[in-house]
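Next come two complexes, and both contain chain A; in the first it sits with chain B, in the second with chain C.
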Partner chain A sequence: MDKKEEMEFVGYQNRYPMKVAIQVNAGTVKELQQNYAKLTLNNIKRMRAVKNRPRALEYFDNALLDKTARYQELKKFKDAGGKVIGVFCIQVPDELIYAAGAVPLRLSCGFYDTISPAEEIIPKNTCPLIKSSVGFNLLKINPLFELCDLLIIPTTCDGKKKMIDVLSNYTTVWPLTLPDDKDNPESRDFWVEQIKMLKSKLEKFTSHSITKDGLKNQIQRMHKRTSLVRKIFDIRKDKKIVITGRDFYTVMQVAFFDDIDRWMSRVEVLVQELINNQKSNITMMPDSTPRIHITGSSLVWPNMKLLHIIEELNAVIVSDDVCSIGQYYYNPAELDDWSMKAMLDAIADKYLLPAICPIFVHSDDRIDRVLELVEQFKADGVIYHILRLCQVFDYEFSKVYRVLEKKNIPILKAETEYSEEDAGQIKTRVEAFIEMIEAKK
Partner chain B sequence: MKTINIKCQNKYVSIIILFLFIFSSHYVSSQNDSTQISPINSGLSANQNVPINISTDDSGLTVLRGQTSSIIIYVRNDMSSTSLHNVSLQTINFSFKVISISPKIIEEIKPKERTPFTINVSVDSHTRESLYKLNLNITGAELASSGVKFNTKIHVVRKTTYGFYVICIFITLALLAWFIIRMKRIEKLATSKSNHQIQKKPWLFSGIRISTWRRISQVFFFLLLVYGGYLMLPQVRTDFLPFVQSDPNITKLPSLNAPQQYTEVFDTYTPFRTCRYMDGNRIFRACSVHYFTEVPAYGVPWYDFIPHFLVIVLLMFIFARVFCGWVCPLGSIQDFLGIFRKWIGLEHWSIPKGVMNVLKVLRIIWIIILFILAIAIALPLIGLIAFKNELFLIACQTCPARNIFPLISGLNPNWFPFNDPVLAIFSLIGIFFLILLALGFFGKRLWCRFCPNGIIQGWFNKGSLFSKEKDVRKCTKCGVCKRVCPMDNEYVFEEKDRKNVNNQDCIMCFSCVDKCPEDECLKVKFAGKEIARSKYKSPIFSSKYVPPESNSENIPSKPNTNHKHHKKSKK
Partner chain C sequence: MAVVAGVDIGSTTAKVVIIKDGKPVSSAIALTGADCNAAAESVLNKALAQIGASRDELKYVVSTGYGRRAIDFGNESITEISANAKGAIYLGSAKGQVKSIIDVGGQDTKAIILDDNGRITNFIMNDKCAAGTGRFLEVIARVLQEPMDNFVKLSIESKEPATINSTCTVFAESEVVSLIAKKVSRQDIIAGIHKSVAKRIADMGRAAGIKPIVFFDGGGARNLALKLAIEKELGFEIFVPQNPQLIVALGAAIIAHEKYSKSLTASETK
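On to the complex of A and B.
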């Protein structure tokens, strides 16, 4: 779109555009794509090695292995006039995007090999997730990125904020300003205004107005999605282990890019199978397996290093409050009054108030959540995962650690990144942790 | 910006203040006002100067309402030498009719002679059951010019019928049957093997939401209180002493007259808005604000007003503001308007916070003014006795119920707000409150934030037997509780320390508990025992979700190029 339109939508004009493309040759790109496919396959093979894995998970494995079918679907959708919008983080309202007739795609990535190409345009000392995502998308390792007409990025952590500026050189990016303090009412009013602006911008962008009925339908659809996730949570509370943490991770990672209705129907099939398995006592791991709760930095596909280590040492991840796995679709937008103002209020509240992302000033809500999940799921220990150079989670660790220590809940700090170099070290530490938990039992 | 909370929440202090107010105002007004009506004495009274003897054979007349009876009065001339001439009898009473007296005039009563007068008394069918005095005045040429006063007892009784009891028995039986059937169903669900989602035994109200119960209760009480009197034509005896008739010296302006005399089933005042201004037989006498502002003006003996006071306080202790959310017909009207508004899709509008803070202070000042005016028309101190007629029952005149209830129960409200200059000021306030109620159409319960009844009950909210509790750790701070609250309260959402989340502004509708999406985060407790809790209501999975039989072999995998991992779909 031309400069004037862009100015109107984005609010600023990139007056010093950085016309730098990442310098790689076609051979490297091909190599990266093959590596990515290999890593995906390897992850799935390791997961399939566990006995009694639910058959319904095949769909999710195949969706991750091969995205061409999804690519063609989206291409057809775009040719018919639809728009595809790329998002990051979890604060962008899906209801508004769907009601405007577009489709959201979450573009985060956890692939180690795309980090070094991205270091040409992004500084070395930042979060690996940002570097990896930028490399993954700009180098087209992600086949779905070129279909995105637009990116919407909320201003969560420092890295994401500056990533907006960097990515605006390559494609249209809309920032969505998130308040830093969600505790006072003025911040909430500010966020409601942002949502209203986003709604009118989306309507203009897709030339598809958001009606009351349309928005109501989307809110109810998202609520069904929430209830499916909560159902799986309920199933995992039981002491019979019919699904491991890695499998649930797979399910949620497919939701990043898959068609929502199809995803929901497949998850319902999965839920049916899990209930049947529980009834007929087909478990994946024995009941006495040590139960772990994972918290901390985001874990995105194909980064499963820590998850593999934990579960291959015969522990099971029963719950988590990571933003890309457990917290992703957890909160519903409940309301009893279906006027436009009430719906926008509910949507704004849904994405701001229960968010336990550490980018807000106070972290007490997150501690409440960790304690509550540990109690509900009867977890024996907590593993706190921090990506190297992720400042906000690192800051919060000392507080969480002290609170959990007082309550005699074992906690382990696992600071790592995407490369496989420190896998051995992590494995030793996790092994010792699990032994300590088992001894305590 | 925190809202201002008037720190008047100690209910014991409130009770003592109210009691002192009533008692002292009664005491003061009874000193000044000589219209204290003493309890009814039966018997004869005669003017001692003139030796005539008036007697009646009956010890007292018992008359059924709506019927006619007669009583015979004997006048005996005790003067030894003179006859009495032109003796006539008049009656002074207004609550039942004296149809005829015969003979009307006796021309001559010779000395030592006794003559009977037969008085036919007809009692109006709306007269309250009570002991009355039939006041008579006997005049004659030889008697004093003002006449000889005499009174006799008349006991008006009601015909008891049993329709009310029959209805009560039916309702009890229906409830019992429902209860038994429900418990049986719960037993079956809990022990069945096919549905093991239910990890603990569901309790009685697990299928029915609190908001459904509340709607049923609201509709039931609305019909009962507004139109129920038409159903309950025979009345139930109450054992309270009857509140005596109003002071006849108070003559009200035509715009202030209540449309009907006191005719109701239960002769008691209640803490919610059962208004005097409704048509037909009302179920209760009037609301408690009417009581508090009426008692000082009458100066009645203490045994007449204490029982009502105790009843009101007891009800407030137990239920606090549950009446506001579940029973009050004025509140129900606002809720029904809200349902209508949602149906036609209008936006919800709430008062901005700054304005609300100011209004919260003003509403306390308004209550104080009401109470001062209630005493002021009895005390000469404040100098408002001259306005006794206009300012009597000012709380009723400024209440929106005074106009709304007559309209919906079929009566002319008879409201002339600007007839009188003194009253015009208060009529403006009355119009303001009416507008508030009408604006409740866009907001939620706008009037209930200013209702004097509600404010007094709100002081009892903190320690009442009904209470709400919150488990702060389970709360995900999603904000639903403050979005659905009809009073736009935010303290349930904001409370992050304590368990107890009661507040004087809460009408105990329990919408927050109903809508909270976290299990067991908010609980409703009665006297320490839990009676309701919040639960996540899934739109897909109900508690009766039973998965279909496991022929889930039809999981077609997506077509992909890597056939090595394509598993067979048959077992």
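On to the complex of A and C.
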């Protein structure tokens, strides 16, 4: 390796590492683990209370209830020399990780109880997602975290950027630098360079070269995954409700950590069942159910407060553009020339151009996406979720609100956090919103 | 004879309005206390007693307010937002069609926007904190040891309201204490408090898209100083109905009446 390559290999280096452990005793950790399991079970019970819930969802429920099997599977993979890579957000290309023979795990968390321990190392005025994720992983409430050989974190919001530095005290972290203005032609060039750099860094880290055929295979594998997710989207466009928004959320949450091929095969089974149920009129809710589109901050397991509130008030979430749910696998890499250059360009474009993350300077692309989905899914109203202290989504609300208001699309701002303390107030707002939609119908 | 009721269980008080043959005939108010159900029962019985009606004659009950699901009677529940709109549209204003509602309750403040047909197009509620609600004024009145009537009177007397910067109830309390220490007059302190609450309410109203005519209700609307302060912040007059505390219960009662009449017609046509 010459000097330049060595630099690339190392990437960000924490020159003042500090070993600060979160001060909790084993008893607390055990209690947190139990609470997490309880919440998980409670979420699933509440979803199972809806009649005609597809049987194929049982696999996804079980995957969330017990991660032991997945842990052992990954452990074996590691013992055989495989690398496990933890990622945040949705801009780290899975294609490259898989093509380098490694496995990605998405590490975000929606667990309230790990927020307060994390405040020991993360400022209090940080969004709940970042605090919760840090506590969840460092305290090993997420059993899979210790398997990660490396973390790759895109420089999305300020919180995620600073999390790179914080987590680098504990493990190897690579930032993946995103441009701020994706409409600037230079941004694309910059981003393509980042993707190329990531490719070579991954190859060195895994000692596994990313070949043309290998990458092509992975792109095609991800195409299959996208097309499966889109099939569920299509099914949800119909007035016959055969899957709730909460169920779809569950399926996508399992994708955070599951074996991709097994996940896809289980989604295929689910899709078949949904098609059959639609044919034979086995529906979960009446056709007249108010239809809701969700936009805004990430919703991550086990945070289902808002989702439960909406659907337990007899409305249904038919669509969303949330990065942890509907937006996750929606966009494919688009290309027809399979040269290495074309593939890397297409991968770079896939993660930049259709991205509607509010970390970019403007929200217009997200507005387009919301309008498109509301029309396609015949949504009666939009619920705009803001995690408290998630500034970027908060900023964008007023523009989104005004555009929707002009188009006569009802919109409700639901600003909340992970704790249950405001559940009553949120419920009143959502209920009044549903009454408002129904009066309008 | 059809007797129906709307029951509004708020955070501070429980309210009932009885409608008989399509007309509001009686009402009652009591403190909610710790037991929503008992409070609702007692106000309901009180209102029924006023017209000499028994519980058996009561055909339909719609509950609303934050305790709407905590009661074990009633045919259905509706949010206080929809009920409020219903009540305000029913009463109307002396000055023309109601286009917006400001509701200042014990725990919540709401701004509701209506279209030309009286349907809700948008609403905003305050955050989970008490700033900008009736509770905020109550807390400060207690700190100053002024009964509510006097608290309002003193506020109106002020020529130069003090500036209160804190929007948090707890911090505002200590700010008031320091103003007292600085010998600022009670009138100006109290007017400053009203101004600060009114500002928050007006900001919220503007964010929701408030437009005249504004119907001001909830327990807070009984406070003339608050009404005047909100008008000053908004720059136009707002309308306060008689018994502003009862509008939400009235709206629920109207819905009960509509539902009951509908069920009668439905059973007749069967």
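Convention: the second predicted complex is superposed on the first by the 430 of 441 C-alpha atoms of A that agree within 3 Å, B and C clash if a C-alpha of one lies under 4 Å from a C-alpha of the other, contacts with A are read in each partner's own complex, and residues count from 1 in each chain.
FYI, contacts are C-beta pairs under 8 Å (C-beta built on N, C-alpha and C of every residue); 3 or more make two chains touch, one makes a residue touch a chain.
None of these values were measured; they are calculated from a predicted model.
When the shared chain is aligned, chain C comes close enough to touch A:Glu405, but chain B does not. Contact with chain C, but none with chain B, is seen for A:Glu435 once the two complexes are overlaid on the shared chain.
When the shared chain is aligned, chain B comes close enough to touch A:Lys212, but chain C does not. Between chain B and chain C, B contacts the larger number of chain A residues.
Legend: residue contacts after superposition of the two complexes on their common chain; A:Ala56 is shown touching chain B, with no touch to chain C. Touch criterion met: A:Ser227 reaches chain B, while chain C stays clear of it. When the shared chain is aligned, chain C comes close enough to touch A:Glu421, but chain B does not. Within the superposed three-chain model, A:Thr177 lies out of touch with both chain B and chain C [touch as defined at top]. Chain B contributes residues 1, 196-197, 342, 345-348, 472-480, 483-484, 496, 511, 515, 517, 536, 538-541, 547-548, 550, 552-553, 555, 557-562, 565, 567 to its touches with chain A in the complex. Residues 66, 78-82, 108, 119-125, 127-128, 209 of chain C are the ones touching chain A in the complex. Chain A contributes residues 405, 410, 413, 415, 421-422, 424-425, 428-429, 431-432, 435-436, 439-440 to its touches with chain C in the complex. Those residues of chain A that touch chain B in the complex are listed here as 44, 48, 55-56, 58-59, 61-63, 65-66, 69, 185, 212, 220, 223-224, 227-228, 230-231, 234, 268-269, 271-273, 275-276, 278-280, 330-332, 334-342, 345-346, 349-350, 353-354, 364-365, 368-369, 371-372.
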